[in-house]
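In the two complexes that follow, chain A is the common piece, with chain B as its partner first and chain C second.
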Partner chain A sequence: MLTYNVPTLFLDAYEDTKLIVRSDDVNRLVASLSNAHADRIVTIQARSLAADPEALLKAPRTVPVDVVVGEPGAEYENIYRYSEVARKHPVRVSVRVFPGFGKVVKLAASLNFPVKLEIGELDRDLAAEIVESLDYYLHSSTLGQPIEFFHSVLLGFYHNHPLTLWQVMEEDPAELRFVTDEGKLVLSERLAAVEPGADPSTYIDELRGELLAEKGECSLCRFFKNCGGYFRAADRKFRCDDVKRIFQTLRNAAKELKHDYAQLVTSEERPRA
Partner chain B sequence: MTGSHLSLILLPTLRCNADCEYCFENKTSDTLSIDRLTLLASRFLDHMEENDIRELTIYWQGGEVLTIAPDFYMRARDVIDREARSRTKTVKHRIQSNLIGYGKKWNGVIAEMFDNRLGSSLDFPNLYRKVRGGSPASFNRMWIRKFREARDSGIDVSVISIPNEETLARGAEAFYTYYADEVGLRSFQINTPFPGGAPHASKMRLPLPTDRLASFFLDLLNIWLERGYEQGIRIGPFDELIDYFLTGNPGLPCIWHNSCAGEFVCIDPRGFVSQCDCWVASYPAFRFGNIFEAASLTEILRSDARRRIKERPIRLIQLGECIDCTYLSVCHGGCPIRAYSVHSKLEAKDPYCETYQALFKSLDNIAVKIARSRSAC
Partner chain C sequence: MTIQSINLLVKPTLACNARCLYCHSLKPTNNLSIPLLEHLLEKLAAFTNGHNIANVSMNWHGGEPMLMGSGFYETVMELEKRFFPHTQIRHTMQSNVCLYTGETRETLLKLMHARIIGACLDPFHPTRLTAQGTDSFPQSLKGTLALLRDGFFIGMIYVVHKKSLEVVEDLYYFFKNLGVPSILFHPLEEFGNPDYHLTPQDYGEFLKRLWDVWEEDDYEFNVSPLAEWRRFLRSGQPCSSCEYGAPSRESPHIVVSPEGDLYPCHRFQDKRIHCMGNIGDLTFEEILSHPWAHLLSDSKENLCSECAECEYVSLCRSGCVATHDRSGKTFWCEGLKKIFEYVKSKESFGDADVQCSHAVPGCI
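Entry: the complex of A and B
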C-alpha cells in the first residue's frame, strides 16, 4: 500500500493509503489522531519547533513523531522539549542540510533520537559539514541511535546488500508520495518541480536507465547502485565528488568493521589457555 | 510528565535527629499524617492515570525518615498500594536514612517495603555530620555500629559520600581504604557538594576546586579499577558511567539527566511540590505549588517554576553553552540546584563541569579498554 505525506488539511482526501500527516501546529496533529482515518496514520510530522509539543502527551494513541528541523535559526534547542514526548511516542529528528545543521544533529543524537539528514542542494561547505557529521556518526562513543543516510548505507556495504538512497531517504515513489500544501501530488518534497511521468512508481527505474544510457559519470560510478541517481534527479549537472567521498568513507568503515568482527570471532574460537 | 515511569522524592517529615552543618534543608517539625498521605497518594496517582504513567518509585527521604514510627510506613504502604492497585499502577519504595534511629524494630519494614535495601550517608573524613551536641567523630562511630547491626540483619546498605576539602587533602587511597576496607562497604556513591540552603561557614568554600576534585576522582578511579571493580565493589558514578560507555545504558545519576524535571518530583510533609529536596525545603520561590491546595498535580506541574527548571538545558544551548561539548549526551549542563546554589541563577552550567568532563573522558577511554580486553579473553 502506498504512503502519502499529506498536510492535516487533506487528511480525508486519500483513502485506502497509509498516511504521514504533517503540520506546523502540534494541536492539529493531535486532533488528526482522533480523525476517522486515524488508524491509517503511520507517522505524524511536526514541522515547527516554535510551539511546546506537550499536547502530544495527551494524544489518543502512540504514533511515531518525525520532528522536521527545516532552516537555520529554527530554535533547534527546543528539540529538548521532545525528550518528554519520547516517553509516549517514538521520536525521530529529520534535519534539512543547511549551514550549521551539524549542531542540530549533535543535539538530537545527544537526546538519543534517531536522526535523518535531508539533503537538498549541496555545496562544498555543506558537504564539509556532512563529513563532520559522518565523523561524529562513525566515531562518537556516546552515539546510541542511527544517523541516516549514513547508517543504512554503512549496513548496506557491510552486508553487501545496498539500499539505494531513494529507499533510505524515504523518497521512493513506488512506496511514498508527497502532497504539497496546495494539494498537488508530486514525487517528493525535494522533487516537487520534477515531472513524475505517467506512472510515478517507475520513475526511478526510468531515471536510472537514462543516466546509464548517457554513458557519463553515473555509468562508471562504483556507488551508482547505492545512489541510484538520487542527486541527479534534481539536477542533471550535479557534481558528485563530495558524495562519492562520503560513500567511500562509509565503505572503508564497513570494511574495517568487518575486519574487526572477523578478528573477534577468530579470537573467540581460539582455544583458551 | 508522561511516560512509563516517574520518581517521587517524598519527605514524610522535615524533622531530623542530626545537626549536620552543611545540610541544605531548612528543617521544621512538620510530619505527614496518614490522612494527608492518603490524599497525597490519591492525587499523585490521579496524575499518573491522567498522564498514562504506569510505574512509580517513591524515594522516602527526610528530614530523617526513621524519626517516624515503623508502623507509619506499613500503613503508608497499605494506603499507597491500595490506591495504586485500583488504578493498575506499580509502586516501588526506596529509603534514605542517616541510620541514627535504626534498630531491630525497623527490620520488618525495611524487608517488606524496601526490599531489604537502605541508602545512607557517610563522609570521609567527616567534618560536618553530627548529632546535636555531638562531634563528627562520634557520629561516624555511631553510624558504623548501626551499619553493622543493619548489615548483620541482612540489610543491604549503600552509602552516599560528600567529599570536602579535607577529603581532597587526604587523597583517594585513604578514601578508598576507609570505605571499602575499614567500613566494609560494597557500594558507595560520591556526590559533589554544593552550598544549597541557608548560608553556613561550612559552605563558604564550596564548590570545591574543580581541578583538585577531578584529580581526586581520577586517582580513586584507578584505585577502584585495580582493587574493587573486578571484585564487585560498586562506586557511583564510576560504574554507571562505564556501563553507559560500554552499553549505552542511560541509568546515570539524576544530575546528568536531560530533563530531571521530566522524571522526578518532590513533595514535602506540608504538601509543597518542587524539583527535589533542596528546592522544596530551602527555595520557596521554586515551589511548583501545594498538592493539598491545588486542583491537581497535573496543574501544579504546569507552574512557571517547573518550566524554568525543565527548560534550563534549552537556555544553556541558547547561551552557547554545552553544544560543542563531546559529552553533551551524558550531562546536559548538569544539576540545576548545583548551578543555582553557586551562581544564583538557573541559566548556568553545573559548577563541576570541568570535573565531570575529566571524569567522562577518562571513563570513556577505560570503557574502550574494558571492551577490548573482554573481546581478547
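Entry: the complex of A and C
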C-alpha cells in the first residue's frame, strides 16, 4: 500500500492509503489522531520547533513523530522539548542540510534521537559539512542512534546488500508520494518540480534506464547501486565528486568493520593458553 | 548409465534481426516447422517417460529465437501439455532481447516459468548492429530492462574484442550497474577485422585487467569465467562451465538445428561439423549412443599430452572443445596461461589460502 505525505488539511482526501500527516502546528497533528482515518496514520511530522510539543503527550494514541528542523536560525534548541515527548512516542529528528546543520545533528544525536539528513541542493560547503557529520557518525564513541543516510548505506556495504538513496531517504515513489500544501501530488518534496510521468511508481526504474542508456558517469559509477541516480534526478549536471567521497568513506568503514569482526571471531575461536 | 536430466538446445531459426559484425549464424535456412517440432517433442517425451527422467530443459537459441513470434511458442506450450502431462519442461532462451515486447513478451512469460534467459550487449562499441546498420544497443538495453522488471534472471554475455581492452573497468561497472546477476566475458573468435581481432595474448591481458577491477570491488559481481576459477582456487570446487569444467554424461546436451539435424554443441552446428543425424531418423536412445553424443565430456577425459601435463589443467581442462587445434589444445591457451599465472601470483592466493581438494588431476 502506498504512503502519502499530506498536510493535515487533506487528511480525508486520500482513502485506502497509509498517511504521514504534517503540520507546523502540533495541536493540529494531535487532532488528526482523533480523525476517522487516524488508524491509517503511520507517522506525524512536526514541521516547526516554535510550538510547545507538550500536546503530543495527550495524543489519543502512540505514533512515530518526525520532527523536521528546516532552516538556519530556527530555534533548534527546542529539540530538547521532544525528550519528554519521546516517553510516549518514538521521535526522529529530520535535519535539512543548510549551513551550520551539523550543530543540530550533534544536538539531536546527543539527546539520543535517531537523525535523518534531508538533502536538497548540495554545494561544496554543504558537502564538507556532511563529511564532518559523517566523521561524527563513524567515530563518536557516545552515539547511540543511527544517522541516516549514513547508517543504511554503511549496513548496505557491510552486508553487500545495497539500498539506494531513494529507499534510504524515503523518496521511492513506488512506496511514498508527497502532496504539496496546495494539494498537488508530486514525486517527493525535493522533486516537486520534476514531471512524474504517467505512472510515478516506475519513475526510478525509468530514470535508471535513461542513465544507463546515456552511458555516462552514472552507468560507470561504482556507487550507482547505492545511489540510483538520486542526485541526477533533480539536476542531470550534478557533480558527484563529493557524494562519491562520502560513499567511499562509508565503504572503507564497512570493510574495516568486517575485517575487525573477522579478527575478533578468529581470536575468540583460538584456544586460550 | 542413468540419465538424470536432458538438455536440448533448439535453434528454431538461424534468421536474425541483428547483424553482429562477427556472427557465424546468419545463413539462409528454413525455420523449424511445426510438424518437426511435434516430432521432436513426441520423441523426447517417449524417451524421458521410458527412462523416468523428470528434468527436461529446452534452451531456445538461434539465430534469434524471438523472431519465431508468440504463435510458435504458444504451439510449444500446447504440445508440451499433450506430450508431457506430468513433467514441466524448463524453457530458457538465448536472445538479443530486442524483440521482448508485446505479444512475444506475454507468451514468453507463460512459457518460461524459471525466468532464465541469456542476453548479449556491447555498450561501448558498435559490434552488434540492427539490420539497418545502426547500433542495436538501445533496443537490447530496453529489452534487458524489461526482462529485469519481469523478474528474469539474465545471464549476460559480452563478446570480448580488441577494443574491449580500452574499457575494461567501464565494462565491469556498466554490467554491474545494469543489475544483471552475472556476466560472461566470452572471447571473439575467428574474426579478421584488425580493429576487433583478438589474439590469445589480448584475451589474457583483458582478463588480467578485469581481475584487478573485480578484486578492487571485493569480487562482488558474478564474473565468468573468473568466478569459477576463483571458487576452484579457494575451495576446490570444480569449474562448472562446459569450457572449463567436465560436462556430465548423466546430463546430456543435444543441439537441434531448424532442419532437425543433431549436434553435441551449438558451436559445431555453427560450423556444420560433428552432425550426428536427424531427429526424423533417430530415437533419443540412438542419438545418445552415437560416438559424438558425449564428445564434450570425452574430450575432457582424454586430454592431449601437453594439456594433461600442464600445471593449469584443473582450471582449464583444455577449454572449449570447439576452439581446439589439431593437437587438442585450445586456441586461447597462451592467454589463459597468462591469466592463470597472474592469479596464482596474487597475494590472496598464497599457499596458505589455496585449499585445493585435489578432486581432479593436476590440481595446482
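Just so it is clear, the second predicted complex is superposed on the first by the 273 of 273 C-alpha atoms of A that agree within 3 Å, B and C clash if a C-alpha of one lies under 4 Å from a C-alpha of the other, contacts with A are read in each partner's own complex, and residues count from 1 in each chain.
As a convention for this text, a residue touches a chain if its C-beta (ideal position, glycine included) is under 8 Å from a C-beta of that chain, and two chains touch if they have at least 3 such contacts.
No experiment lies behind these values; they were computed from the predicted model shown.
Student: Could you classify chain B and chain C on chain A, in the superposed arrangement, as clash or fit?
Tutor: They fit side by side.
Student: So, A:Cys221: does it touch chain B (first), chain C (second), both, or neither?
Tutor: In the superposition, A:Cys221 touches chain C alone.
Student: Does chain A have more residues touched by chain B or by chain C?
Tutor: Between chain B and chain C, B touches the greater number of residues in chain A.
Student: Is A:Asn160 touching the first partner chain B, the second partner chain C, both, or neither of them?
Tutor: second
Student: Figure out whether A:Lys18 sits in contact with chain B (first) or chain C (second), or with both, or with neither.
Tutor: Neither partner.
Student: Of the two partner chains, chain B (first) and chain C (second), which one does A:Lys255 touch, if any: first, second, both, or neither?
Tutor: So A:Lys255 only meets chain C here.
Student: Roughly what angle, nearest 10 degrees, sits at the C-alpha centre of chain A between those of chain B and chain C?
Tutor: Reported to the nearest 10, the angle reads 130 degrees.
Student: Taking the superposition on A as described, I'd like to know which of chain B and chain C A:Thr142 touches: first, second, both or neither.
Tutor: Once the two structures are laid over each other on A, A:Thr142 reaches chain B alone.
Student: Who does A:Arg236 touch here: chain B (first), chain C (second), both, or neither?
Tutor: In the superposition, A:Arg236 touches no partner, neither chain B nor chain C.
Student: Check the residue A:Gly209 against both partner chains and state whether it touches chain B (first), chain C (second), both, or neither.
Tutor: second
Student: Upon superposition of the two complexes, what minimum C-alpha distance (Å) separates chain B from chain C?
Tutor: 24
Student: Which residues form the common part of the chain A surface touched by chain B and by chain C?
Tutor: On chain A, the chain B and chain C contacts do not overlap at all.
Student: Name, in rising order, each residue of chain C that touches chain A in their complex.
Tutor: Listed in rising order, the residues of chain C that touch chain A are 123-124, 138, 141-142, 145, 149, 169-170, 173-174, 176-179, 217-218, 220.
Student: For chain B, which residues are in contact with chain A within the complex?
Tutor: Result: residues 1-4, 51-52, 245, 248, 250, 258-259, 262, 311, 313-314, 317-318, 323, 326-330, 332, 364, 367-368, 375-377 of chain B touch chain A.
Student: Would you pull the chain A residues touching chain B in the complex into a rising list?
Tutor: On the chain A side, the touching residues are 57, 77-78, 80-81, 83-84, 87-88, 103, 106-107, 109-112, 140-144, 264, 267-268, 272.
Student: Contact residues on chain A for chain C in the complex?
Tutor: Touch list, chain A to chain C: 160, 205, 208-209, 212-213, 215, 218-222, 224-225, 255.
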